[in-house]
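One structure is given below, encoded as structure tokens.
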């Protein structure tokens, strides 16, 4: 057998099986778990890279599960778009796994670590599955795998608030998934098909059918809930704030991105662009919503005092960017949107990893606690600065690339009003990030002002002393991944043609080109 | 022969249904929990038994009717047990039985 | 014939549902649900015969075997306050 | 006729289940709901689904919910104190919820207007991929239950996902509730 | 009009059920109630799916000598998965609720939010207090 | 011993349920029976003497027709009471001494009581049966103890 | 609950039958309704019944935590493993027809049987696990 | 078409100080080595810039495409007369500022000197980048880099006041450039499909007039480094920075970059023809006039020396804008010349202010009674700077004023002559009193001694018995400020090189 031919299946099955093996190995020796997770995420990264490579050379790959040809069996369809997202997801997962050992060691009870890593792998599997599948019901199944593991991972945050956050996420996530299920049902009812490509062929004559319209509405609402588009974002801030650092990082960096990817799939693969533009004004609605999301997310972020919560709100805004690009339905903006999937993953990944480093070293979660941290943790804070500048959209960072594409795309589409929105949100993010950066570098360390409640209760023994200014950075196991991501924030801001070349093809494909 | 079988099974099923309805009425009509258990525990069990027996007769003798028989047996085992469990739960919780006059409930 | 029987049983179930909702005590409800459970067994068997597909008996059998577990769980909960 | 009555029961049970203050009663009524649901599915010829609902509803869900109650508290809190205090916000919340629910429901109903009728044999869903599943299970999968053939063979991958979901929930529960791994 | 009602009434009943569950999910303050609403919601959707697979005169999708028309088996398969998912979600939800009860001593959303609000307030006070020092 | 017996019972049960025979199914049948009897043979049979158990089973089968008749009677009684406009009931709870020695016997008696006219077993323990009767006269009927005698007969003289 | 003779005896009586029925449902998933999931749930209910009657500690003796923990994942592994084995025999993932078990029909049949076993194992183990974790003592 | 030479020299000029930064960080513990790198890099940089000069004077242009991020987003350098003009000024002044800084920092024993010098070097690199940039993107990139790298310099002292001011600094500079400049760039790119500078503008005929005006306004609002009136308040606020930084900010790097970018936008993005057609030039000129006058009036009221200088800067920068907005050869020459002339003049003044501070710890003008006798060299240089600011020969300021007036006449805009005249008088009004105070007022010794003691408490230099003699600031500082003062004079007598370059600029664009 030609192993490469089966990569599309293996890239899901291997993490899945090893999620199980992680659990078993954890029963023997807990140290195995991390090693397995690391190896497998790396392997997946390599495989997805190879898949993307194949796609770039040969075009769309279609893998038939059980050798049943598409409308009958489940198909894995990989094109530029999901090849790209696969690489992003697996890479981020690899980096976060690399990072996770120390952080998990601190934040999760040691005896729970096998279950943690197993769920972590399942989350990863689910995300990869959501990305790769070409079958709409299979998408639902993977959404559920992702969500379920996500609920549990969030719920084991140290603070009890994480439980309520997780429960709310569970309720809203279930509503979302069920809405998607309803959408699938309605579509199935009038087409008889579950395959995305097949649906694309079968739907056009039915575009004005009320069933299809309803189905579309439910998909949109369900996916918006999943990816936390503005009015439906309410689950996100709490969930990201109270989850363990590693979980916040992986979820912020990949989970909503994959949600956005699913949205793109439904909007532009299952339905055609003409439908989105002419039949229902969904692009207009999403446009308005994403604009509100961008502004509101940034404004809400300003008023936060908790680092992770601030980052979470900023995510709400950034998700707005991704959606915004899709709604203009021209290639430039769409490219911006797709590239922002990568870029935001890198930036948010960096920032959340730094937040994790800080928690690891000091237990501080409050923004005010970061004062003077530039002396104490220079490398982490450098990474944070890079991430923050990137979020602001300073040139030579990835953030600028996204904004460039989105803005020029908006202008191409003749939507002038987008420009101020993008720039205002940049300004707002400049405000909330600058506040922190300034504190990091230009303020004396505040002596242990964080109260017991604001830190992890059980961490108090870990570092009971006032924050000293002497250098005491996170251990290399955490620092290196953080720095890698930060470096990539800059690298892809300079070598932007690498992701852009893929994203442009993907955008072209989504918009109905070849 | 078939006709006779059908008639017999019809009678059995009708009786069974009748008992089931009676049981339902009993469940609604009886004044307290303990007394309601009587129709539930007996009327229902036998009613079901009869209906299923009717089906057995209708089916004739083959593996399917054996399966029906198995169902009947299980119902006869499980139903009184459930009734008992319930009664005990109520009894343990101290639910007082309804008494007509100043009866002599122990 | 089976249709009529099934309808009758369903109507009987209506009475029991009345009891289940009316209560007044939790025991009455459990009792009612138990009765509905046993009626369901019969109903499933009858539906099998209406459709002439004896496969349905398997479902009836499941109910016959495991329907009382919930009741026992209830008893245990009332008796000891836990399920352990 | 039977179907209609059964559906009616379902609605009644659902309403009763969410209206009751006593959580244990709610759980019990949910059991009844699940029983009736199984019957409805049997009426719709969905044998496997009914079977699943039967085993899950009778064997697992109710017991788990009772377990949950045994670990928490039985009644929905309705002390006057808290009720009075949060009255205003509660009402506003329920009104908003009601609006959301009605809008969603209206959209769904709107969608049904163009649907094929219930049981319509000409519905497109029966003519695209379904015929092959109906015709070929024995030749292609060696089983006579189409649902099993479809579940395990044509869409076997979904089922792998399904099993993974179960595994996930198992591990999640262990992660959340297990205090200590016994040596 | 009449045909529409006869042809679709059962869809509408499913929708009613869904909405009952949906309402419980978003409006009820008790967490267990939410879970129960979730169950009702999901089952109603499953019911809807199953009904799309029904064909007049069809029989259960298990090969049978006497059968000519079978019901559509696809919705059944999909819904088996959905039921499983619903069970899994319920289990996780219950686990979380048990933990919540252990931590907060209540299962009412309002009460929990109240506790969290107080906690946040204390945190803020504690913080500012220390900052002044 | 109990292992084999359980396996055999299970095997029979499977065959009765299944009715299909092919290599895979037979194999599964055997494996399943063995598996079930491996994990729970002590539940079904326990430590009872097999021979005695067999005898008792036979006796029990003889007892069934009588029981059936009692059930029918009880139902007629039930119907009368239910449909009677005034509901002639006078519920009572009473207990009587338990003279049985085997648990199986107690259970048989308890369930028989539940199924027979107007009485329901609420609790059983080593010493007594607690019974709820729908009418006092039925309670007296039960107190006569015919049923207990019959069950005792099934238990046999050598009851352990 | 152990002291309740009726329930104990009846449960003793029923549990083996429930278990066998669970396996029966599994084996006949291809012929009639049922399959791995249903079988697994039914099997789990038998253990649940046992725990209800004998208490959680007794239950642990019958279904050791270690064993259920391992079985949790073993089931899915059987399933996924069969898919991988299909790859080794030159087929696509989960293409049972390529398994060396006779002609297409038999191979598929056995493949389906295999994955159903996997499902049953996982479902039973997970349901038992969930129940054990949830029914634990309040004071924990 | 001008001849194009491809050479990496501009990149070297930019890169040399970045390399120096690394070296500085490495030699963190060794102040002498560190400062050697600073000086070395500045001299090297200046020589690289000078080495490019002959080519430019030959009428050629040096181009170098460093990297293309995306189509339309190139990092590309082009050395044209205007660029080399600015680069020469900046790199020459960097040498002097470096010397001065070393003196200043050592005298005050400031903390975090490595950080200071590193960011100083980065800021200079970025200034070079702006000077040599060939397109709007590169400009924007380095423009932002200047903002970010000068932030630590402004916030250097880390006092609450410094933090507050630097926050305002960053808010104005970063905020407006993101909000307005970037959007103008987006709009430009959208309209033209390119961001390259071109001698005759790239926007002509590419968009409706209304949009062009909007773009123009956005540019003007975005380039706040030029400190035009509604966006000027960052500049006085930034006075909290150490004096060399103020000098750098006000004389060289930041504000000059601002006006330089403004010139580039006006000349190379819009083009003279387009602007005169649109008529926005005159509007801009009026706007600049307003700033000149108002800022001068505010300057009159300042007692703090550095603040007065700051408002003077605001006013002087607007000269540049006013001049170029006339869109005549004379005006453009004037504006280009004024960049260097003001740079030399203002840097002298700031150096002097810094020297006074180092020597006496005084910041207010009212305290400077008689300082001219104690610090004769400093005050002499200061006077030369003042003359240049006012525009009195033999200081260079006269040249730019001359061209400005001739430009106004060319444009037939008499009001601006009046503005220039009025502002000259105002300049005189706020600068001459300082000179007067310094030379002709006697200082009160007792008060002085008392203050001196208090001020020096923290430094362990208490000397109560002997009368404290005020000495000149450290030699490094004095030398550098004298050098710049001499530069001002030299520019008046031998301005030919720069006039030649300015003429080339004019020849290119008109």
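Letters A, B, C, D, E, F, G and H mark the chains in the order given here, with residues in each chain numbered from 1 onward.
Going forward, a residue touches a chain if its C-beta (ideal position, glycine included) is under 8 Å from a C-beta of that chain, and two chains touch if they have at least 3 such contacts.
Worth saying up front: this structure is predicted, and the values here are computed from it rather than measured.
Under the contact definition, subunit A and subunit E share the contacting chains D, G. The chains that touch both subunit E and subunit H are A. Summarising the inter-chain contacts, the pair of chains with the most C-beta pairs in contact is D-E.
Distance between chain centres (mean CA atoms), subunit B to subunit D: 29 Å. One inter-chain figure worth recording: subunit A and subunit C are separated by 47 Å, centre to centre, where each centre is the mean of the chain's CA atoms. For the pair subunit A and subunit B, the distance between C-alpha centroids works out to 58 Å.
If each chain is reduced to the centroid of its CA atoms, subunit A and subunit G end up 35 Å from each other.
The set of subunit D residues that touch two or more partner chains comprises 45, 47-48, 50-52, 55-56, 58-60, 63-64, 67-71, 108, 112-113, 115, 123, 125-126, 129-130, 133, 138, 144-145, 147, 151, 153, 155-174, 176-178, 181. Counting partner chains per residue, subunit G has residues 4, 6-7, 10-11, 13-14, 17, 21, 25, 28, 31-34, 37-38, 42, 45, 48, 69, 72-73, 76, 80, 83, 93-94, 96, 109, 130, 133-136, 138 touching two or more of them. Among the residues of subunit H, none is in touch with two or more other chains. Interchain contacts (touch definition given at top) occur between A-D, A-E, A-G, A-H, B-C, B-F, B-G, C-D, C-E, C-G, D-E, D-G, E-G, F-G.
Per the touch definition, subunit A reaches subunit E in the complex via residues 137, 141, 144, 148, 151-152, 155, 160-161, 163-164, 166-167, 170-171, 174-175, 177-178, 181-182, 184-185, 188-189, 194, 366, 368, 446, 449-454.
Put simply, subunit E touches subunit D in their complex at residues 3-4, 6-8, 10-13, 15-24, 26-30, 32-33, 35-37, 39-40, 43-44, 46-47, 50-63, 69-81, 83-85, 87-92, 94-99, 101-102, 106-108, 110-111.
If you check the complex, the residues on subunit E that touch subunit A are 18, 22, 25-26, 31, 34, 38, 41-42, 45, 48-49, 52, 74-75, 78, 81-82, 85, 88-89, 92-93, 95-97, 99-100, 103-104, 112-113, 116, 119, 122-123, 126-127, 130-131. Residues of subunit H that touch subunit A in their complex: 67-70, 72-73, 137, 140-141, 144, 148, 152, 155, 158, 162-163, 166-167, 170-171, 174-175, 178-179, 182-183, 186-187, 189-190. For subunit A in complex with subunit D, the touching residues are 16, 20, 23, 65-66, 68, 71-74, 111-112, 115-116, 118-119, 122, 125, 129, 135, 137-138, 141-142, 144-145, 148-149, 151-152, 155-156, 182, 186, 188-194, 202, 209-211, 213-215, 217-218.
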